[in-house]
Amino acid sequence: MNSKEVNSQNILAIKGLKTYYPISRGIVKAVDDVTLAVSKSEFLGLVGESGSGKSTLGLSILRLIPPPGRIVEGSILFDGSDIIQISNAQMRRLRGRKISMVFQDPMTSLDPLMKVGDHIVETVRWHENITKSEAVARAKKALDLVGIGSERFQDYPHQFSGGMRQRVMIALAICLNSSLIIADEPTTALDVIVQGRVLDLLSDLREKYGLTLMLITHDLAAVIERCDNVAVMYAGQLVEHGTRRQIGMDPLHPYTQGLLKSTPNIRVVSSKSSFIGGTSPDMTNPPRGCRFHPRCAFAKDTCRREVPVLTNQNDGRTVRCFLYT
Amino acid sequence: MNEFVKVVSLKKYFPVQKGALERLASRTRDYVRAVDGVTFTIEKGRVMTLAGESGSGKTTTGKMILRLVEPTEGHVFLGGTDVASMKGETLRKYRRRMQMIFQDPYASLDPRQKIGDAVSEPLRVHGISNSSERRQLAIQMLQKVGLTPPDDFFNLYPRNMSGGQRQRVAIARAIILHPDLVVADEPVSMIDVSLRASILELMLKLKAEFDLTYLFVTHDLAVAKEISDTVAIMYMGEIVEIASKEELYTKPTHPYTICLLSAVPVPDPDNVSHRIVPKGEISSVVHPPPGCRFNPRCPFAQAVCNEKHPDLQEMREGHSVACFFPQENNGLIDP
Amino acid sequence: MRMVLTLPTILILLTLVFLITHVMPGDPVRSIAGMYAGEKNILELRHALGLVDDKGNPIPLYIQFVNYVVKVFQGDLGNSLIWGKQPVMLEVRHYLPATIELTIWGFLVSIAIGLSVGVLSAYKRGTVIDHSLRIYGIVAYALFIPWIGMLCQMVFSVKLHLLPVAGRIDPGVYIDRITGMYVLDSILTGNWVGFYSAIRHLILPSLILGIMLSGVFSRLSRNSMLEVLSQDFITAIRARGLPERVVLKHAFKNAFIPILTMMGLEFAMLLTGAMLTETTFSWPGMGSFLIDRIAYRDYNSLQGSVVIFAIMISVVSLIVDVVYAFIDPRIRF
Amino acid sequence: MTLEFSRLFSRVLPKGQGRGLVIAGSAIVGFIVFLAIFAPFLTAYDPTHPAGLSMVPPSADHPMGTNTLGFDLYSRMLYGGRTILIVVLFSTFLSMICGMPLGLLSGYLGGVVDRSLSVVMDSIYVFPGLILAIAMAAVLGPGITNAAVAIAIVYIPTYFRMIRGHTLSIKEQRYIEAVRSIGAKTRTILFGHILPNILPTLIVIFSLNVADAILTEAGLSFFGLSVPAPTPDWGYDLRAGQPFLPSGSWWLITFPGLMIILLAIGFSLLGDGLNEMTSP
């Protein structure tokens, strides 16, 4: 699959996106010039460590950046129209109906005072003009689909385990047949077996309904295992974007290489993972030039002075590094 | 066999909090069996890992060994002395021989204490040397954990440091007393992936230098693989399988271990996972199922599993499993 | 659950009241009766206070205490020491409805103003509106009721003659007593002249009491709303495209729980305020009763009214707990 | 504590949310404290002796007028500030000294001690403060010490609850467990780690509590249960002016009340501002 190609298949095309947060000490450039596309029924893994801006990117797509943070530049084409330009009311019609989001902590993402079924009914009825009983039927169907069972319609969130609550969140995301689901660390708070099952559920839903998923996570292994394409972010910028095979077998960017080597593989017992020297970037004061240069083994003078741009490679992937220009 | 650390049938039951009316209605107290009879040994200078999901009792076990949680029952022998029966001042003094590294480096350092004071505090608490010597020792220790130049770090507050640096401070603080045993509770789970190996490497370096013994507590089998000599898998307060690292990762035999290992994602696009998924969700820890605690979820369970409780039995040298139908040659891992 | 604590709370407050009046330094009897009272009067007084038995022998302190508690639970608060020596309970029945009427109206005003100010303030966090509303909250709470009450009396009653200066009802207007709460009674009896008069007398005291307490509610509800608005599920609701009024509805329901759990304390503040309001506006309620009797060193009335306040607080706490359990599905009895 | 204060000021005052509140609060409080301290230099009149005709409206000679006995109201306001500040500060210190250690121990030790102390404290806490103070002051009789004690008892539970709650939450923090794990004594944990982390909150509570205690003192004084007359006291003067309200002697009530609420607002602003600074 060709990842960078911008074509009519693309459901989402982000171009030159910049999202900044002003704080007392300056400006945090949480997302700084990201260009990325997702095509229909694709599973895109967006990988990054703390401070990489991956969550901010996800919230930017829904225009849910908490003030005073805001999108300062760029475009986000969704189904052909730029959602940065549309009105708030139009944006609300998109949220939950066309683009849905699943959050990291399932324990706090549901209103504790509302029955889980009513969460779905409320959402469905706001977006579609249907009767209460139709909405209830829809909610029950969605609960069945995610493997919770419609009989738990009347239960409150606290009666569910973390994994089950994440299923409720997924039911909420799919109940209106959203064309794009953004999942921000949906399994981080869950145990490993439950993680696998939640991801299995998302794969099933793709088989059945052609779901498109942007999976935001810090877990490179999970993304290589589950996604078609992988985008890697570092310090607010996209550094590499390619297929799972390209990223998992032969990463180009030194950061991707380092991250892959840092990710342990339990199938190879004798191997030892390594680490990238230095410390995580300080986002209020990111390094000049290439943001990765202080930790990079291949850093040259150019890297310290100039900012590399994303370039297309012959094999279809994009990389932001002077080694490949 | 060298049994430097010996834990014998350690138990921790927490009473269940109930509503007022419930308490009136029933006289009996319910207990969460957080840890229910855990036995193992660690040889001097080795790294033993307790691995399991949340609620398996792994952290409680680690804390009971350090007496940060009072055991309900059982013994912990450290170099032949029973730590579990120690009291008051004896225990407090003995604490210098066993130390802990905590999970969250953002929470485990006092926000109002300077780094240098935090590292030298254990010496002060145990009345070791005078204050200028303590400062010297602390600076040496900061150097050893890679916080250089140490004089700069000495006067910083935790809020001025990154997670990785804080965890190094926590390690320095734990090691400065030259303890015999160090319990490390998920020491890298809050650290960025690209920095994890550096912390693990540091821990191993210090182990060699100070002749330490580690009990490593984690939910992450991939991380456990990086540092352990022996790995014990816990489920609902019990150890279900214990083996050397090589054995456990290549020849897991307990169905739960197999499920757990097969669920761990592998960063290799060519890897084909045969995922074995247990049924349902974890059972109630207040009213555990009869027989084997894993039987309601086990893909290989038979009638006997619901009737009798399997004890941990040695299959071969250094590999024990608590299962009536251990699954060998399960084809999970290609040799 | 707090429910179980209602009984101990009353007991502890009884003990406190007992300690205050029996163990504090000084001889209350001497100070009540005056330096030159005859021995016979003193003995009578000691008996009335439960300090000596029928024969005049001193009763040990702990037995005094037990007698006192038993009597309170039988509904006997002793007899007043002055003016016909009526049972305190009888007097309470006369004064209590006025206090309840005032606090209910004051409470409604404070909830209406306080919650809207707090919610708006939290929703507009950091804006000029927020800052001004927060200053309102601080100032409203610091408004010393007698002062603002007197200023209002001066402006609205003395100067503008819009509202009565004080009291509960105009002279010459009678309302048949059913509950003792004039507004309710006048409606029940269809007495519209009485109703008009009662409402006019209520306006200033209840507004002033309500505004003072709205300072507390606005602060509480702002903090509580801010806390809820920062939670993930609020972002999740927005991410589902639901409009802001639905977001606010969810936020408010959740924010209301901590406000509700503190209602016992809020009620105590309300009573404190009511006490000052009553004395400022000559409102014949428990507060005025207490202050009047203190002037005459009527210890039994003092003790009795404090006990009544304690019981009121406990009853309110109990009601709050029951309501709380109904609203929050996470709470079970 | 002064160290803590100056650290707070230097760290957050240049910017941040609570800055305006703290500045406004300090200005008001500072102004009234100044008036109280330098009262003898600011007025020539004795607040407890007639200084002229009675019931004189504000004039150049008597900027706030005189009362029924011909006392100069301006001098009574200045000296009255002394009374209320002394009673309130004395009483809040007293409640802090009793409430804080109890809260610290109760929160740290837990168990039966904690449960019984909490029940007792909670019961007093939910009781209307002014009514409790009135009952006690009525039995104790008027006087600065008695008023202070009556108010102090009302606020002990405030400190107890706040400090206990804070101790509980800090006790659950990992760093306390970490300190315990290195073998530190209870004393070290309580005074070396828990107390320093409570101090900023304590300052906030103190400030807010003073604001509340001012209103309680004013209430006691209004009912004539604080210091005995003719000692100048704002609440008492306010009450004394009430009968002359219909005759239009507005100055008798305006100034005492204004002083009370100014001082209360000052401490509230200060406390709120500090609160904002310490909990970002």
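For clarity, chains are labelled A, B, C and D in written order, and residue numbers in each chain start from 1.
Heads up, the rule we're going with is that contacts are C-beta pairs under 8 Å (C-beta built on N, C-alpha and C of every residue); 3 or more make two chains touch, one makes a residue touch a chain.
Note that the structure is a prediction, hence the values are computed from the model and not measured.
S.K.: Please name the chain that ends up farthest from chain B once chain centres are defined by their CA atoms averaged.
M.R.: Ranked by distance of C-alpha centres from chain B, the top chain is C.
S.K.: Out of A-C and B-D, which chain pair has the most contact pairs?
M.R.: Between A-C and B-D, the larger count of C-beta pairs in contact belongs to A-C.
S.K.: In whole angstrom, what separates the CA-based centres of chain A and chain C?
M.R.: Here the centre of chain C sits 54 Å away from the centre of chain A.
S.K.: Distance-wise, how many Å sit between the C-alpha centres of chain A and chain D, to the nearest whole number?
M.R.: Comparing mean C-alpha positions, chain D is 53 Å from chain A.
S.K.: What are the residues of chain A that contact at least two other chains?
M.R.: none
S.K.: For a test of understanding, state which residues of chain C touch chain A in their complex under the given definition.
M.R.: 231-233, 235-243, 246, 250, 253-254, 257, 327-330
S.K.: Can you check the complex and tell me which residues of chain C touch chain D?
M.R.: These residues of chain C touch chain D: 5, 8-9, 12-13, 16-17, 20-21, 24-26, 28, 31, 126, 134, 138-139, 141-144, 146-148, 150-151, 153-154, 158, 165, 264-265, 268-269, 271-272, 275-276, 279-280, 287, 290-291, 294, 297, 299, 302, 306, 309-310, 313, 317.
S.K.: Along chain B, where are the residues that touch chain D in the complex?
M.R.: 66, 68, 92-96, 99-100, 102-104, 107-113, 121-122, 125-126, 170, 173-174, 177
S.K.: Contact residues on chain B for chain A in the complex?
M.R.: It comes out as residues 53-54, 162-165, 192-198, 201, 219-223, 225-226, 245-246, 249-250, 259-261, 263-271, 273, 275, 277-278, 281-282, 333-334.
S.K.: Under the definition above, what is the set of chain D residues touching chain B in their complex?
M.R.: 173-175, 177-185, 188, 193, 196-197
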